[in-house]
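Pasting a structure here, questions to come.
Labels run A, B and C following the written order; every chain starts at residue 1.
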Amino acid sequence: MNLIDIFSRQRKTSLISLGLMLMILPWIISHGFESGNSYLRAFDMALLFIMLSLGLNIVVGYAGMLDFGYIAFYAVGAYTYALLNSPHLQALLPAWMMYPPFIVSIILAAGIACVFGIMLGGPTLKLRGDYLAIVTLGFGQIVRIFLTNLDRPFNLTNGPQGINNIQRVHLFGLDLGRPVQILGITFEPVHLYYYLILFFCALIVVVSLRLQDSRIGRAWVAIREDEIAANAMGLNTRNIKLLAFAMGASFGGISGALFASLQGFVSPESFIMMESVMVLCMVVLGGMGNIPGVILGAIIVSITPEILRDVINPLQMALAGRKVVDPETLRMLIFGLVMIVIMLVRPEGLWPSSRRRAELKPQTKGIALQEKDDMQDAERNHD
Amino acid sequence: MTEALLEINGIHKRFGGLHALNDIALTINKGEIYGLIGPNGAGKTTLFNVLTGLYQPDEGKFTFNGRDLFRQKPYVVVESGIARTFQNIRLFANMSALENVMVGRHVRSKASVFGAILRPPSARKEEANIRIRAQELLDYVGIPQHAEELACNLSYGDQRRLEIARALATDPKLLALDEPAAGMNPKETEELKALMQKIRNDGVTILLIEHDVKLIMGLCDRIAVLDYGKKIAEGLPEAVKSNPRVIEAYLGVAPE
Amino acid sequence: MDIFLQQIINGLVVGGIYALIALGYTMVYGILQLINFAHGEIVMIGAMVTISCINFLVGHNVNLSGPVLLTVSIAMAIPVTMLLGYLIERVAYRPLRKAPRMAPLITAIGLSIVLQQAATMIWGKNYVPFPAILPTDVLEIGGASITTLQVAIIILTAVILTGLFLLIERTKLGRAMRATAQSPDVARLMGVNVNTIISMTFMIGSALGAIAGVLVAANYDQAHAYMGFMVGLKAFTAAVLGGIGNLGGAVLGGILLGIIESIGSGYLGDLTGGFLGSQYKDIFAFLVLILVLIFRPSGLMGERVAERA
């Protein structure tokens, strides 16, 4: 199943109905459940995670590079937004730099994250497989440690406390931090943010689809499939891989900025390595390299713990008549088990791309492998 | 009439203690089919890799079509007009046949990220042209019916053809084929021969490594023989065939 | 100079522990090309079980001296972690040996989460203090002080490492392990039971992990359900630093990383004019790692490992 088809004329109706459903979804959720608004928040987060996993999908799913520090770009985006839109640096920065229009903040966040992506990718792209994984992991840690400690010698990030009082988004004269009345309907901030994030999420889905179906997307996949052959076909593999890193990073930056604006504060807590791991899980569980699959993975991984949160206590009471174990612990335990079971049952992901199901199968290719290694070494020595 | 397309001189390549290429010089003329033969381990594939930019030679001269390609990156080499296939087929296994060929067009197209995302008319047109050209090339090598199939699901012979189509997609002036007939039955080999002649007649020069002596002799205009990293003979097929050094290299003994 | 010596000693202690854990990663990687993400949790479980055993014995008035008590408890924890290592391989990795490369990585992460949460259920969310059963004498060497515990850690690490190398180099099992690491298929043809060897590898690694976990807990006087993550991360870094898949490399990487960290945290402030303090010691470790990999992409002692992706 290919999402591209959805955009063709025949699928237009289904696209419209999907859009409508997404538009009224927040109303169903916030009125249908007791704790509806907190579910809606979970949905906002899920949308952010969809954006993140689509970004990581470019790096891992298309270009085939294992990235364990992806959340760093999310952090960079979030802090960029936070610093520009909170009183924290007001004394340091000239007034014209503070509180830029929303869209400028977003572009800056994407741009700076992109620069970080290039900084990380530039020196490390020569590394292969697990070595790249561990270097990206280290990079993620470095960013987080700097965020935690850059309150001295001068206070840039405000250390572990993080940055508070991030201004709510103002867009087209609307303050998204307050309920708005349109046509007699009251839109709570949580609804307004849902639409804002949904918009960006849709944007990123479209960008992903278009990239996938372009010469750039093909080049990424070609490199993943066989880097030597890609090289021999005239692809500048280093630049194309760097581009994957940069694109992935800017997606991360955008969702980070939205996260900061939604949350109202940012702190290093939100950017621990476990988050990188979670995003990676979304991509792999859903089906690497397949956009609908990745979206599904993001929804499952981000929503499941929220649902478990509400299910576990009543369940414990019903089964045992008392609280046997801490629900927080139990829900994470179940979550871990779910991950294991899904992978055991469907190792290629829940919704793998139909044409790339055979992807990354371990092959013992013997001579061909040796030849590939020789060539890569020869190249490396030359560099 | 004979105009040099590729010229190399004094090419050396060493791997640690192994002198894989020792002072190789050869000239390939426009429009010919040039054969490269030699026993296993003679350095044919190494020379191939040097000529296509995957290996960087240690010393020597390498000009192609008037351009200095010594120690250039593969993408520069391809851009200048040399394309290759691999001895053990290296297709993008999980992409369709058509997509494989479309990747070959990369070097002849230029849509940037912004082009890809915003899709201005120029980018759309380019993308459409890539697709049309790729389909044409599949027709050309004789596997149009397999356009949507994954490369890894094609038969062996069709994979060979697909690799040639992918190489042709880069609009090469010189097509370098590394043992294209390996593992083919006589009928397939015959078809391949016809394909190579068609390619040559359409103006592409061919450099061919091959073990099948019959194929080489019947197809090539000139032949060079490598042994232990050195060129031991060069010339017309008939002359090379009777060259005592060549016979020695192949049979291990000097003829009476 | 004495501060320098002190940092070296501290680094050696921590580095030795890293080395023990790094061996677990590197042995598994050498054979399966798999990052056993759950190894850090094995380390944690080893520490926790040992502490529980000590507390149980002390609680039942078993009258033994501290070191004996500790030895007995470790001896009880080792089989637990070995069994756990065995089960992890059987349940989460073996079914996925032919699956896409990412799949076992995800099950490993899932297992990590499960083990962490299970530990939280058993031992709670708070720090578990390491029982004060060991002597706390301090020795002075050239102006630096070292506790008897630290001396014991260094000696114990050295003994275990020697034992492991003898096992790998001199025994039939070790030979089979090396053969499997070189090429599982050929080893199978030569009559090696590859599955058994892989299970053994996991169990040996887990045993080392249990010991390392106890040493970590003893060295810092506490254990925690989440301690496995950071320790595991550092140890894996050490394994990559030394060249993953290479046992000597894991030891070298572990000790180097320990010393680098220790010296880094001691001198980073002076080196950068107070701009970066000791809180950046982790950065130091990762920066070194990144630099090493950029200039030696296969780690310090790594041979060129074919990427079997």
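As a convention for this text, a contact is a pair of C-beta atoms (placed from the backbone, for glycine too) under 8 Å apart; a residue touches a chain by one contact, two chains touch by 3 or more.
All values reported here derive from a predicted model rather than from experimental measurement.
When each chain is reduced to the average of its Cα atoms, C sits farthest from chain B. Among the chains, the centre nearest to the mean of all shown protein C-alpha atoms is found for A. By the count of C-beta pairs in contact, the leading chain pair is A-C. We define each chain's centre as the mean of its Cα atoms; on that basis chain A and chain B are separated by 42 Å. Between the CA-based centres of chain A and chain C the separation comes to 31 Å, rounded to the whole angstrom. Chain B and chain C have Cα centroids lying 50 Å from one another.
The residues of chain A that reach two or more other chains are 359, listed in rising order.
Those residues of chain A lying in contact with chain C across their complex are 60, 64, 66, 123-124, 126-131, 133-135, 137-139, 141-142, 145-146, 148-149, 152-153, 273, 277, 280-281, 284-285, 288, 325-326, 329-330, 332-333, 335-340, 343-344, 347-348, 359-364, 369-370, 373, 377, 380.
The residues of chain B lying in touch with chain A in their complex are 15, 49, 52-56, 71, 73-75, 77-79, 83-84, 86, 88, 90-96, 99, 102-107, 109, 111, 113, 115-117, 119, 123, 126-127, 130, 150, 152, 166-167, 170. Interface of chain C with chain A (complex): residues 29, 33, 35, 91-92, 95-107, 109-114, 116-118, 120-121, 125, 185, 229, 233, 236-237, 240, 244, 274-275, 277, 279-280, 282-283, 285-287, 289-290, 293-294, 297-299, 304, 306-309. Interface residues of chain A facing chain B in the complex, by the touch rule stated above, are 207, 210-211, 214-219, 221-222, 225-226, 228-236, 243, 247, 355-359, 367-368, 371, 374-375, 378-379, 382.
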